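The data blocks that follow each hold one structure.
In the two complexes below, chain A is the common chain; its partner is chain B in one and chain C in the other.
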Partner chain A sequence: MADNRGRAVTIDPRTRIFFLLIGNLFIVFAPTQAVEAGFVLFFLLAAVVLGAAPQALKTAAAYLLLIVLQAFSAGWTRMWWGMMLFTFSQFMTMVLPYALLAVILVSTTKVSEFMEALYRLRVSKKLVIPFAVMIRYAPAVLQEFAMIRDAMRMRGISPSLFGFVRRPLETVECFYVPMLMSAARVADELSAAAVARGIESKARRTCLVPMRFGIADFAFLALLVAVLVVEIVINITAPI
Partner chain B sequence: MLRYDDVSCTYGEADRPSVQNVDLSIGEGRCVLLCGRSGCGKTSLLRICNGLIPNFYGGRITGNVLYRDKSLLGMPVSDIVGIAGTVFQDPKTQFFTTDATSEVAFGVENLAVEEEKLRGVVDGAFRAMNIEALKERSVFTLSGGEKQQVAIASIYAMNPAIYLLDEPSSNLDHDAIGKLAHIIGRLKSEGKTVVLAEHRLYYLRDVVDDICYLDGGRVVRRWTTGEFLAMRAGERRSLGLRTMNLAEESPRVQRTASGAECLRLEGVAVFYGKRPVLEGIDLRAEKGECVGIVGKNGVGKSLFVRALTGLHGDCRGTFTVNGRAAGRRERLKRAYLVMQDVGYQLFADSVEEECRFGLGGVSDKAVAEVLRRLNLHGERKKHPNTLSAGQKQRLAVAVGDVSGKDILVFDEPTSGQDYESMLLVSGLIGEQCGKGKLIFVVTHDYEFICETCTRIVHFGEGGIKDDFTLDGKASGRRKPREIFMEEERLPGMFADEPDGND
Partner chain C sequence: MCIDPSVARVGYVNNQRKLFMAEENRRLDARDLITIGVFSAVIVVLIFVGGVFFAINPVLTFWTPAACALLPGPAFLLLAAKVRKRGVIAICGLVVGLVVFVTGMFWGIAVGYVVLGALGDAIASSGGYGSFARNAVAYILFSLSFCISFIVFFTNRSYWLSSMASSSADEAYFETMIAAAREWILPVMIAGTVLSALLSALVGRRLLKRQFEKAGIVS
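== the complex of A and B ==
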């Protein structure tokens, strides 16, 4: 996933982790949806600078689509389907900005960089290793999904939204049973492989990718903090 | 010198030890093969050496394991990794990072090698394994063989004295297996000790020095490679072992086709994205045939069977099943794919339910009948996930059978299986052929092809390269050998024709 080619500016992974955290606060404190949308635009810009444009664009496009859907369905909330659409799109527009931040971090950060960054932030090994396994496991899940979808189609169970509406329980069951089984196996083998390559070593691990906190990092962090402070001040002083 | 000194080991709950009183001395620079049926204890022996038993999997060990007179037992795994490195069976699940360079660096980083030296060590490993082209590549774009090479490079970078390989060939094609043999040779030439647990033996012919046969956790037989090769085929098979000399094998299935056409493809082209992967495919197959689909990885075998079963829609041309034009939906109904990892296609919470799941209108009688025939009736109340790998495979076939599919496709059904399990799969497929089903098997397993297939369709160069029947005629015997010869590019693998084996 993490690909250094095409990255316009090199920013320390620690900065990227802070970006994820502060970005979350931006959304939490956003007073209106318009402000929130503005932040999403800002995240998108940051994604382009960090070299995660394609992945971030997809998430942002979904966000835009959902806002349109929300605006449209707002007029039809008296119909059952309008209410469903409205609730769905509202929920999703609330979640997507956070997802966008996660997508940016995961797609620009290598597992080893991420581990190194957390170690430098003095996070305990007990936390870092499970986090690293999680990041590693996420893309594998997508591949497994595709296999299970094939298997369902051969059984005549349609793995689509329509199929889900028609036979919700069967569809859900189809995914979670094989996923759970394979997740247990994959996690076990993955951990064994990591242990057999010394992940538990007492020595402080080193990292191939050099890590330096530069001017760009300070500038970016300063910008993030400034925006957050302004946002909070406006929030406090604004009449409700 | 690596020495197992009267080692026994029992896993947590087990009432029977998985390794019993093993004495084994392995000199430096030697390559030792541990073989035997699944569950004979060969993997446990490796895990005792690398410390995963007891540190990761639990278990009680008695006796001692010594490297240069230093005991490895009681050492933390993170200290053993510098002495003994492990390559696992499934290249998919031994990757911890998402690009090849980070992966090779991962182990050395854990060893806390200074950052200034890291780059040199990592580059050196890529060079030694001759895989510099894979640097920086995303793990998800690597083939199984390439993943395995990166995994070995990652161990190589840590520079252990001992390499432990646990069934390293199970997920590889013939080309990749050839390269693996080459890499093992290289490690030996550097004075490394290599200990392998393996079912597939033919590729080790030129690199292995000693062979230990395990049964019930004990080392019961030992051979040098010469002695092993001199052993009669009958004796080898009775021990449940695969061949070390592929020339001993030749196609033996003589099934007469029914003459009733089941499937016809005319001018079929299969696309992936916008790119045509396969073009101009014409194929006619009859009921009762077992067609082996062979060819190098990446030539489109999987795509072909996915198109055939209706899972992949992006194709042109006409498909005819049982005399009727069959679009994608129809093919999904008529054909069934038994996946390599059957776990993904078992959904229900009992074997019996599995045969009905999603199908609708399957009678209890039909379910009972098919389960009895496939020897699963005794397990009908069990949860599918508690079955053995072979039973799961049979259950998937039962589902295909009970849902009245005419075409069954198997994707690498014998990877990682011992000789006897391979025979069972072969028997299972034979039965289905006898019932008049048309079978396709995607496989790299020459021994299995000899045992099972009636015909070979060889994919390559964007289409079908060759298509022939495995009959008694000379061409039916010669051609499959040529394919596997050409794919391996390892002269000597089919060294000499043996004179009289069954």
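== the complex of A and C ==
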């Protein structure tokens, strides 16, 4: 079912995929940090419009915090900790816009919509299925890490560097065995579920969510392409 | 479908052996693709967990490839042992490369995962995915993808900087990085990555033998 709650404008999933790709290029070609911050602001606005307001707020807070940290530590770069903080905040502000784009796509697009969009873009099944499963399962892997760590503590095995140095092989086993066992089990269960739902069928896949390129999609894409062209032209004519 | 996965697999094979034996042995089916997806998720997370503390520091950044190679070995070998069909590692490399590209890393790394993944797949499949040496070579190649960024950094620095330093305020990171760069770092980095990947593969072999074969996850 199409879930349009909290979403002011419905935009085709394909448009959202293009938004991710073109947004990446925006940041790659951004000449100054002010321009980059402007793009981040634009992404945040787009996130709110697309219905990812909570994620956008969190990212905005993190971005602001990092910029403050950067400004603060810029005066202390002679000290080693100042330099570490400074380079750390720089690295994070470099990565954050890309992360924001990915978060917008993943949090506003259901896996079924995403798969349908990729199929319509003529992407091979051999890439779409693993990629969709990967996006779905990666957050669960992180949760599992935390659970395995707790379980190791309960059994008196220290999941820290110290524990690793003292008993390397045991610690490594206690970490990998549950993680890979559960991955193997999840793979089997997901396959069984997907086969039962006809993933192996040769027939064309259908999707309950209507997927159509509307005026909003064309307008949004045109805006993105126009901005990108302007940005690249400025970059070529006025090298920094 | 039976609920118990081990029973389900036996039933599946027995019921459909006559029909699908020839096709099933050669080509990746939906189950394999899903397995690749799940293990790619594990591999991606392990790559990031291993590398993140090195990547954020401009002096330690040269050891990111070795750190990224250290953790995913067992997952990689288990994936190869579980699926055992041509294309497993190539598709895994494609998925990982796509993630790397989308998260804004140097584009050469993404290309590396795709190309070296395909190359590693050819090597591993020549041993039927059953030879530890060939699988380990495939994993080492796969892990070397991360070095490509630094190979470009050392051989064509102006290009690397122009594609990485998007905004002028990021300069301190790169200045520190250039100041920390020495000529000997590149060969040591590649050797370190190979060693780290090999160590990870050895741990993986031990785990496969001691745990997963006994548990019936792989044969």
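In this text, the second predicted complex is superposed on the first by the 185 of 240 C-alpha atoms of A that agree within 3 Å, B and C clash if a C-alpha of one lies under 4 Å from a C-alpha of the other, contacts with A are read in each partner's own complex, and residues count from 1 in each chain.
In the analysis below, a residue touches a chain if its C-beta (ideal position, glycine included) is under 8 Å from a C-beta of that chain, and two chains touch if they have at least 3 such contacts.
Everything quoted here is computed from the prediction, not taken from an experiment.
*Asks:* Would you check which partner chain A:183 touches, where first means chain B only, second means chain C only, and both and neither mean what they say?
*Replies:* Touch partner of A:183: chain C, not chain B.
*Asks:* Which partner chains sit in contact with A:24 here, chain B, chain C, both or neither? Use first/second/both/neither.
*Replies:* second
*Asks:* Looking at the overlay, what does A:32 touch: chain B (first), chain C (second), both, or neither?
*Replies:* Second partner only, chain C.
*Asks:* Please indicate which partner A:196 is in contact with in the superposed arrangement: first for chain B, second for chain C, both, or neither.
*Replies:* In the superposition, A:196 contacts both chain B and chain C.
*Asks:* Looking at A:152, would you say it contacts chain B, chain C, both, or neither? Reply first, second, both or neither.
*Replies:* A:152 contacts chain B only, not chain C.
*Asks:* Once chain A of both complexes is superposed, is A:216 in touch with chain B (first), chain C (second), both, or neither?
*Replies:* neither
*Asks:* Please work out whether A:125 is in contact with chain B alone, chain C alone, both, or neither, and reply first, second, both or neither.
*Replies:* Touch status of A:125: second partner only.
*Asks:* Tell me which of chain B and chain C touches more residues of chain A.
*Replies:* Of chain B and chain C, C contacts more residues of chain A.
*Asks:* State whether A:95 touches chain B only (first), chain C only (second), both chains, or neither.
*Replies:* Second partner only.
*Asks:* Should A:173 be classified as contacting the first partner (chain B), the second (chain C), both, or neither?
*Replies:* In the superposition, A:173 contacts both chain B and chain C.
*Asks:* Do any residues of chain A touch both chain B and chain C, and if so, which are they?
*Replies:* The answer is residues 132, 136, 140, 173, 177, 181, 185-186, 189-192, 194-196, 199-200 of chain A.
*Asks:* Could you please specify the touching residues of chain A with respect to chain B in the complex?
*Replies:* Checking each residue of chain A against chain B gives 1-5, 110-112, 132, 136, 139-140, 143-144, 147-148, 150-157, 170, 173-174, 177-178, 181-182, 185-186, 189-208, 210.
*Asks:* Which residues, counting only chain C, touch chain A once they are in their complex?
*Replies:* Against chain A, chain C makes touches at 1, 5, 8-9, 28-31, 33-42, 44-45, 49, 55-58, 74-75, 78, 82, 87, 91-92, 94-95, 98-99, 102-104, 163, 166-170, 172-173, 176, 203, 206-207, 210-212, 215, 217.
*Asks:* Show which residues of chain A lie in contact with chain C when the two form their complex.
*Replies:* Contacts found on chain A: 20, 24, 27-33, 35-36, 70, 77, 83-84, 86-88, 90-95, 97-99, 101-102, 125-127, 129-138, 140-142, 145, 169, 172-173, 176-177, 179-181, 183-192, 194-196, 199-200, 240.
*Asks:* In the complex, go through chain B and note every residue touching chain A.
*Replies:* Residues of chain B touching chain A: 50, 52, 55-57, 76-78, 81-82, 85-86, 88, 90, 92-99, 101-102, 105-115, 118-119, 122, 136, 138, 140, 154-155, 158, 306, 309-311, 332-333, 336-337, 339, 341, 343-347, 349, 357-360, 385, 399, 403.
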